[in-house]
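In the part that follows, the structures are each spelled out as structure tokens.
Next come two complexes, and both contain chain A; in the first it sits with chain B, in the second with chain C.
This part shows the complex of A and B:
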């Protein structure tokens, strides 16, 4: 595209000279082509987005059993779920692991982003290495961590033994299992979130810091009074992302128990996503699994709303 | 005092972050290159041994694990999804960014909404039943098709096209008599190539790592690499060197992509974050 577009453009003003068929075709092109361009996405959306969503509702109203009989159940699946101890156990596990993972992760990611925002050598290699966990496959990481947390020969118990801590059976006990899984999640996502925070920090005008420094504000004060409030939009993005990811947690806890969706001998680290897979695809109770999927969605909405409100308050005013 | 010069605390923190990020991967290499006796020794070994080659050969030759098939399948699935998603997103992104049509804003909002719904977990029951009725369970089609729907891709390419292709350029080409598809091919595609690269790398990595849906819809006979590792893990739970050699093999393609495109990945993530 250069200067020669102009004379040609002038020439094309004499479009009337063209055969009418071509004009019609070009109008069709302008009017219809945009729809043609977006249609692949929306056809896929209809088939693999809208259809499953609507039919999850449909399935959730029926009762399926192993023999293959199907019966109308109304809201029975939902009422049964709300009285199902295993379901509540999965909800508690999911929320607990989400909190144990996310709270420290956000603080660490903020600190790390603040550190990454300084001037130092080897910037790119250091940024790349904190992203390294993200590109590693979840299953591979969970396998490695599971070995690190092994009771008798795991590195974690060995290191803890220096401080006189007795051997912990990380997989068998509830809270240790939550912590072990939360560390896997944090290992994967802290660096990524730090990079996102860093991107947000770099959009904050430097004059703000200079003005604050002239006014005698300490670095710590600058972080709390300038960086955090200015980061709020980025934080909303990161927190919503972590909420969706954390409440649908599946790969780490499943791999922690050797690829089994039971989540430990007592279900001590079974998440809601694992519960859905177990009900739907190990016990073939499709209706029950579908109802659980809707409740999971509800849980995500509640989680997102709470997080949104919390983040809105960060950094004071407004 | 300069707010942007690093303190000692900052340097220590960065050092710790780098070591912690790399350690589990280093550990994978250590165990994958040792013997089973070493893997369960206390204190554990800290340096790589000399058995990496043997262990990898053992994994690849293991009939039950179907590891080579898993790697091949993952490669096919990830490549097909990546190429399709990039094309679909680039087309739609061009329409949303540079063309005007009725309902454009409404459709764009719809795309944003689909990004917020975890479709993969929500719709898993009907999707599975659909695959059963099409007799696609156990085939790669069942893994590929649902992932062609990628709202993030459309969103990213819309944002990228807006910034990389000025409206004047599209209008000038239009006045020149170029049809829409020709404009896409000659004007838009060359300008949005960096955005396509970011989306492509992202999609490839997500697909390579995907776990829940393949675990439901595939069988261990025709696995992706993540399913192959899971089978290894379930069947040979104490054979650490075998499992670790498998995990090491499974991340080699990702690490290669990462080293080759690290700059674009970091840059793309940061740009995407600010715009979102």
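This part shows the complex of A and C:
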């Protein structure tokens, strides 16, 4: 700001007064300094984001096994994957669990945020308590949920037995396993998303509501006509975030099976992320795992695009 | 406002330095877990810590008392046991391979199950040569096969034998009584000379005792039958001695599979897979009354069932004769910073005296022949299992046990096959398609 506001003459004087070395330093200061200041992010991104990405792409084109022999494979890994039943099984599981987990999660988070976006006693502690599940360690969550969904002595089966439902083997049957894992995911992430929705709701100007109230709009109508449309940018963020999280789901289904990436005796709930880890670090087929990782990336892009289009329509965009 | 040029330059320099520092510190943080053993330079002042990594359910390797004893006697070398997981093929071994391959992360002494020995042997570069520490003198302590399995093709001694399998059936005497069956171990053994009679006892049992299945799952008994049959078919299971996959050709595999199918179809199993959390809970809560028990399984049962199971469990003879399922080795990875001390610890944990005391305390049958001949071992009784004469049950047959050859990829194939058999039992694989899937999945896992 100061450079431009100085009178030209003063600036020239100023320059001439300085020895040449200083001028060079000044130029460096103006030109290089901004880059130096933003560089940490880019350096870190290059080291931990870009490099692994490129490295994964590179190895996905090779047959790279445990003994360390690396042979050019071209697109063989990709064609093998597209014909691999286990991979498609993992894709179906991942997408199904994503849908079962995310749809109710978004609705719940929205309702929760709406409820929290009011004046009531102990507002701050109650709002913060919504985040508690998120700071609980995944292992603790897994231990509790593993017991809840135990076949023989689990609480869920016990409660279901009151209604005459037979014992469910939550780790052997596909759909029950999906549901069980979805509840784990939702338990952890609903509060987090609710807080983000809440933050979004608080940026909506109050006078919109006041005006609507004067016009006679009911609370419900205000929610649909004001809150939801105004929340769209927040929603896009939350949905994209959940898409990425949901499609790379790993911890919950793995801990649900005692830390085993098989995901059930026949991969009933093995996700793509678990499939990648199994191929890479149990079968030691690094190239194959790398190719699967790139296909997962593609899957996320597709998922994100679909969700983006869906969310764009929310709140009646015209 | 304008920052003075000087301070601007300084700021730029410090920003760059900070950036470099951040990158550097993240770089070292991301490079994996540092070995927790004390650096060699300060060894004189501080005791050397030797990390012993183990796997297995319950009391697993049974090193608890032996390590306490060593640590009390050796102030300069302290042993720290790291029990990583119950599961060998699915978790312990893949993690270990990764550490061995990366040259960082593995303990100073690591346990290896028989299923991993083929691969371990094929990678001499992973291991320290125990001959350099004078341990080739231990050869006389072992049966030839147990010793040779710990020597690589180029003559490097990398593994010392810990235990061997042997075979028995663990059963709940109290539940047998409840079912109106004999509960005394001699009479129980007489109930089932063959597997068909075993299944008949199971049907009688289940008609009398509700809420308890006769056996844990298909897996422990499948393994028992597989090893019994392997002894009749050239002592091979999934691979022949040239490492060719023979799952579909070896009659031992088909016989064991057919047995698993039958016992599952008759509804005699609790559908639990060994070394899972639910199986461990089931052992404690009486979900099943019998399971296949090699010597080292006694420790898994007593460890899982805890004090409430004391005196309820007992040990009987196995239908269909002996066999040898399981048994492990201890090795010292080359990456260990204290190979000499690690070799001393491996030597200690496998010597006759230690192996004998592990047998009496926990049940793992010594592979050390001196320990096997120890009168204390021959006459040992296991208090937890109702004073069962385990010396008589396991030690008598120990010297006649046949080694079974296991291929380089045995661990992967074993897991694939067990998963299909478990899937058949839990209903996710139809009985009529299970055999074909077993063969297919085995081929895939071996590939």
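We adopt the following convention: the second predicted complex is superposed on the first by the 270 of 318 C-alpha atoms of A that agree within 3 Å, B and C clash if a C-alpha of one lies under 4 Å from a C-alpha of the other, contacts with A are read in each partner's own complex, and residues count from 1 in each chain.
As a working rule, a contact is a pair of C-beta atoms (placed from the backbone, for glycine too) under 8 Å apart; a residue touches a chain by one contact, two chains touch by 3 or more.
Quick caveat: nothing in here was measured; it's all calculated off a predicted structure.
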Touched partner set for A:29, first chain B, second chain C, both or neither: both
Partner chain(s) touched by A:290 [first = chain B, second = chain C, both, neither]: first
Which of chain B and chain C A:248 touches, first, second, both or neither: first
Partner chain in contact with A:151 - chain B first, chain C second, else both or neither: second
Which superposed partner A:314 touches (first chain B, second chain C, both, neither): neither
Which superposed partner A:37 touches (first chain B, second chain C, both, neither): both
Partner chain(s) touched by A:265 [first = chain B, second = chain C, both, neither]: second
First (chain B), second (chain C), both or neither touched by A:169: second
Superposition-derived comparison: chain B or chain C, residues of chain A touched: B
Shared chain A surface residues [contacts with chain B and with chain C]: 26, 29, 33, 37, 40, 44, 47-48, 150, 152-153, 258-260, 281
Residue ranges of chain B touching chain A (in the complex, touch as defined): 1, 3-6, 10-11, 13-14, 17-18, 20-22, 24-25, 27-28, 31, 39-44, 88-89, 91-92, 94-96, 99-101, 104, 107, 110-111, 114, 116-130, 145-146, 148-149, 151, 154, 169, 172-177, 179-181, 184, 187, 205, 208-209, 211-212, 215-216, 225-226, 229-231, 233-234, 237, 240, 243-244, 247-248, 250-251, 254-255, 257-258, 262-263, 265-266, 269-271, 273-274, 276
List of chain C residues in touch with chain A within their complex: 1-2, 5, 8-9, 11-12, 15-16, 18-19, 22-23, 26-27, 30, 85-87, 90-91, 94-95, 97-98, 101, 270-271, 273, 276-278, 281-282, 285, 287, 412, 415, 419-420, 422-423, 426-429, 445
Residues of chain A that touch chain C when the two form their complex: 2, 22, 25-26, 28-29, 32-33, 36-37, 39-40, 43-44, 47-48, 66, 68, 146, 150-153, 169, 171-174, 258-262, 264-266, 268, 281-284
Residue ranges of chain A in contact with chain B within the complex: 1, 5, 8-9, 12, 26, 29-31, 33-35, 37-38, 40-42, 44-45, 47-49, 51-53, 55-56, 58-59, 111-112, 114-120, 124, 126-141, 143-145, 147-148, 150, 152-153, 155, 158, 187, 191-192, 194-196, 198-200, 202-203, 206, 209, 213, 219, 222, 234, 237, 240, 244, 248, 250-251, 254-255, 258-260, 273, 276-277, 280-281, 286, 289-290, 293-294, 296-297, 300
